[in-house]
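Just passing along the structure, written as structure tokens.
Chain nomenclature is as follows: A, B and C, assigned in order of appearance, with residue numbering initiated at 1 for each chain independently.
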Amino acid sequence: MPRLFYVLLAIVLLFMACQQQSSNQITIAVIPKGTTAPFWNAVKAGAIQAAQELGVKMLWMGPELEDNRQQQIALVDNQVMNQVSGIVLAPLDENALRRPVRSAVDRGIPVVIMDSGLKDAEDIYSSFVATDNYLAGKLAAEHMGEILEGKGRIVVLRYLEGSASTDKRENGFMEGLKAFPAMKIISDEQYGGPTKAKAQQVSENIIMRFRNDTGDAGFDGAFCPNGAMTYGMLQALKRSRLLEKVRIIGIDADPALVTALENREVAGLVVQNPIKIGYQSVKTMFQVLQGQNVEKRIDTGVVFISPDDLAKPDIKELIYPDLDKWLSQY
Amino acid sequence: MVEPILTPPRFEMRAIHKRFGATIALDNVNFRVHPGMVHALVGENGAGKSTLMKILAGAYKPDSGRMFIDGIPFSPKNPMDARAKGIGMIYQELSLARHLTVAENIFLGREPVRWGCLDQKKMLCLATEALKMLGHGDISPNVKTALLSVSEKQIVEIARSLAAGCRVLVFDEPTSSLGQKDVLRLFELINRLKGQGLAVVYISHFLEEIRQVADNVTVLRDGAVTGTSPVKDISDESIINMMVGKKVSELYPRTTHNTGEIVLSVKGLSGSRLPRDTGLEIRKGEILGIFGLVGAGRTEFARILFGLDPVKSGSIKIGCFSGPYAPKNRWAQGVGYLSENRKEEGLAVQLSIADNITLSRLKNMGPWHIILQERQNKKADKWISVMNITCQHAQQKVSHLSGGNQQKVALARLLHHDVDILLLDEPTKGIDVASKAKIYEILSDLTTQNKSIMLISSYPPELLGICDRIAVMCKGKIVKVKSVREWENHQLMLAATGQRETACKSEN
Amino acid sequence: MQIRKLIDQRFTWSWLNKFGPFLALLLVFGFFVTLNAKIATATALEIIMQQSVIVGIAALGMTMVIITGGIDLSAGSNIAMSSVVIALLLDRLGIPPIYAAFTGILSGLFWGFVNGMLITRLRLVPFIVTLGTLLIVRGAAKGLANNMPITVGETWLSNLLAALPAGNKWLLFPAGAWLMIALAALVSLLLQDTRIGRHIFAVGSNEQTARLCGIAVGRIKLFVFTLGGAFAGLAGVMLLSYQEQGDPAGAVGMELDIIAAVVIGGGSLSGGEGSVVGSLIGAIIMTVIRTGCQLNGWPTWVTQLVTGVVIVVAVAVDNLRHRKAE
């Protein structure tokens, strides 16, 4: 009776899963959007730091790619089955993750959302720890206006359709730019896509569209809502030898971009504090588990860095964080 | 029955034995072919012809026995080896690379090379020569083989075997998909090859063909040789007796059926290619046979009736239902279809016997659409005993059964579904005699339960044996329907081929 | 008379067979030229060629694989892996670019060989094997690069896909594009005029027949997968040149672009058909569509939609061509 056997096996396994009570140790699962980008490594470092300080166990697992919703949903569901104490999640999609988050909370596992928002779910999750992406975009717009002295033509290279955090940055930027009536956005309909090479190709095509024979790029500023877009635009401008004509402002930093900032190839980077996001999220989750009251919305702040700021010690700490110190301890 | 020895045999098999599990496929088979001779090998499907040929071609190894080519021991390791040692096979389903040209196919594996590059010129030249030698200089060596007709493809295959230096050429049912004119050209070609000193083995079950082309004939039955003789010294009657082992009449249960009202009527039916504007009526309680050559559109006709292929024009009326329908509706209307293509279409061979029998009707197997295995097995067991299916249990995989038993499972599905009209496409193709007899018996029983059967077959004795009426199809059209008493074997062939010729001409 | 009609028909369709993809390219290009003449400038053509190189070079290998009836889903990962290997050698070990690039190609060749061995020795289906190696190679690349893109300094490798300097405009395309064209000619020669080329077609057309005719089917498959891997490795060199980074997350999903290029170029996923020139043109068609849409400022979704339509139309025309021809 093989079928009966399978049914019994399933029941036994379910039973065992339910019995697998973690000991008194608090386990917090942290689920990022992806595992490759340096940004998430920094978040991870912060999470490890908080976990060590608070004496909790931290599980770090994320989807391979930043557009694999199914995988992230499965990860959340698995952690619920795993009976972790709490889940910290950076949702890949502001809608698709609502169902798994709700079922986690229904099973008594609190959820803290980080980095990107979850729509219509304020009553479900315990807290939302993130950079205010809209403000980040707005900050970029202010500096763009300042650098270009309030006039010029601007290109916005968007990231991916349906990515809430970058959408907010783009919107914030465009809204912020309205303060400068002489500045005009000439392209905001192109999405760079998931890889740097694609972003670079799209940038090249945008450049080709606007450049003219006088050796002018046809635009004066470019806004890029994340690291990959900034790198793609940078490469495209560099290889078209138009780098001096266009000021790039990007959000997020990685070593290659910081080098570019040093060389003044990039006009400025708006930097979040990913370590703080990771740290604060785990800490907030700990407070929730301890029964303390936490704020529904925790802003981890952004900073604009111009090439001249690089020497400042607090900025140094922010862009050259010693991640390995923490990452090696996971 | 000993033939006069003129020259030492080109190819000889001595005391070949081969068994698969419990079944003995070949039992002490002796077979020899002389150079410059055409030796026909006949026998029913399942008699062991294909096993014998697979041994010759190197696909199987005999359990015991020896083979020789020109007196030299021959034991091929694999088909490639057999080919290299001089065995050329021309299969029913032609084995050409359809994307390559004629010349490329002929020299596949032995392309002439010059300075590391293909010597296209030499290849074309040699190919043209080879085709000319076969009397078919009209085939361009530059054309892709996908564009050739079946008979042209066959020529290319023969050319390839010759180019590979074969000494024994085996034709496996070479005429099954050829028109009359092409058959004659093929026979001419075989005679030409014979003249060049090749030994030819010709497998067929058309006795007329054998009379036309072969010098000697060997008959196989149930894995054993029942006779070898020069063709001119033996009558058709005795060949058939050797093939079947019993009188033809014993195989077919002859009962008179009481036929009733019309249950299926087709008018002016055309499909996207075949059939073309054809009509037919089937009555309650009758077995209607459909005869025709391969490619006449019989299978397409059945598929259209069952809703597997789209109707282009015309009407199908089943009982009171009319118009085009899908297989799902046909099942509901009490029509069942048994595919000619048992392994690919007819059965899910990786599933169990019980699953296969109950596949189309899984109702009442348990509460809430759950399928209780006990109930499914019970249903299946009933049919296993009725149909006399040899198996271990109802949960055995169908792929483990013999061809005959697989076919019984496929038929049992229709019976389990309790259909009223059975569309059977070559139900006895490639199965053993005992299974055949069982199937005939069941079909006969069904008519007494007022079921109607449309039986498609390429084997005239079978149709003449069990049908009430026989319809002959040619070029997508039913050309003649007559009561079985008014048909004779050769008339069937005439009807199926005679008009085919003219149709072919008008089309070219 | 009938015969002549038949010959005519054969001629027309075989003509379409040869020049179909090229015709499609002209059509697509012409369409965008009427919308925006900028796409016909030397700069635009240079950029189009440059952007087609990575997919195009990988498509050379993929064409051979697809002709044998196989498929290589691991190509994208393989490209990323190669770029990571080269970046590591350049950045961490300071090895001269030429050797680093060569090692990158070898890395591609190695993974292709692994695919080939798994498929021929273990008799596994290419789709499944390469689905597995897609993840294996991607994972390995990420591990090797420690999850971070590795930025490399400027070397002559970067010039392979860089915009031509003002004095060198007479070259028309960057060196990488010429390399792609030269390799395409070589592979075309291999497929059309050598025994192994005929055998590659034969294996895809009818494996049993090929085996019967004494062709070592396993060795042919091993050969195409290995060579296909090497081409993916070379595409990795190009990715590194273009991005100036060894990117473990690079070329994600590119295998689908590569397969699409082969299919647009007349390759059949059931084997036996495909042409190197066609595949290159397929890659270029896809770039032209993207560039054309973006030059007109059409949103990204339009680009994707148009590319999808072209793939479907290409396959449909191909299918029609077959049915007519038979």
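Methods note: a contact is a pair of C-beta atoms (placed from the backbone, for glycine too) under 8 Å apart; a residue touches a chain by one contact, two chains touch by 3 or more.
Not measured: the values here are computed from a predicted model.
Core chain by CA centroid proximity to the global CA centroid: C. Look at the CA centroids: the one farthest from the centroid of chain B belongs to A.
Computed from the mean C-alpha positions, the centre of chain A lies at a distance of 66 Å from the centre of chain B.
With each centre defined as the average position of its C-alpha atoms, the distance from chain A to chain C rounds to 33 Å.
Per-chain CA centroids place chain B at a distance of 44 Å from chain C. Multi-chain contact residues of chain A (touching two or more other chains) are absent. Counting partner chains per residue, chain B shows two or more touched chains at no residue at all.
Residues 35-38, 41, 64-65, 158, 161, 187, 189-191, 193-197, 200-202, 204-206, 208-209, 231, 235, 239-241, 254-256, 259 of chain A are the ones that touch chain C when the two sit in their complex. The touching residues of chain C, counted against chain B in their complex, run 2, 10, 14, 189, 192-195, 197-199, 201-202, 204-206, 208-215, 272-273, 325-326. Residues of chain C touching chain A in their complex: 38, 43-44, 47, 51, 54, 138, 142, 147-149, 151, 162-163, 239, 242-245, 247-254, 290-291, 294-301. The part of chain B that touches chain C in the complex is made up of residues 79-80, 83-84, 95-100, 104, 108-111, 113, 116-118, 120, 143-144, 146-147, 160, 164, 508.
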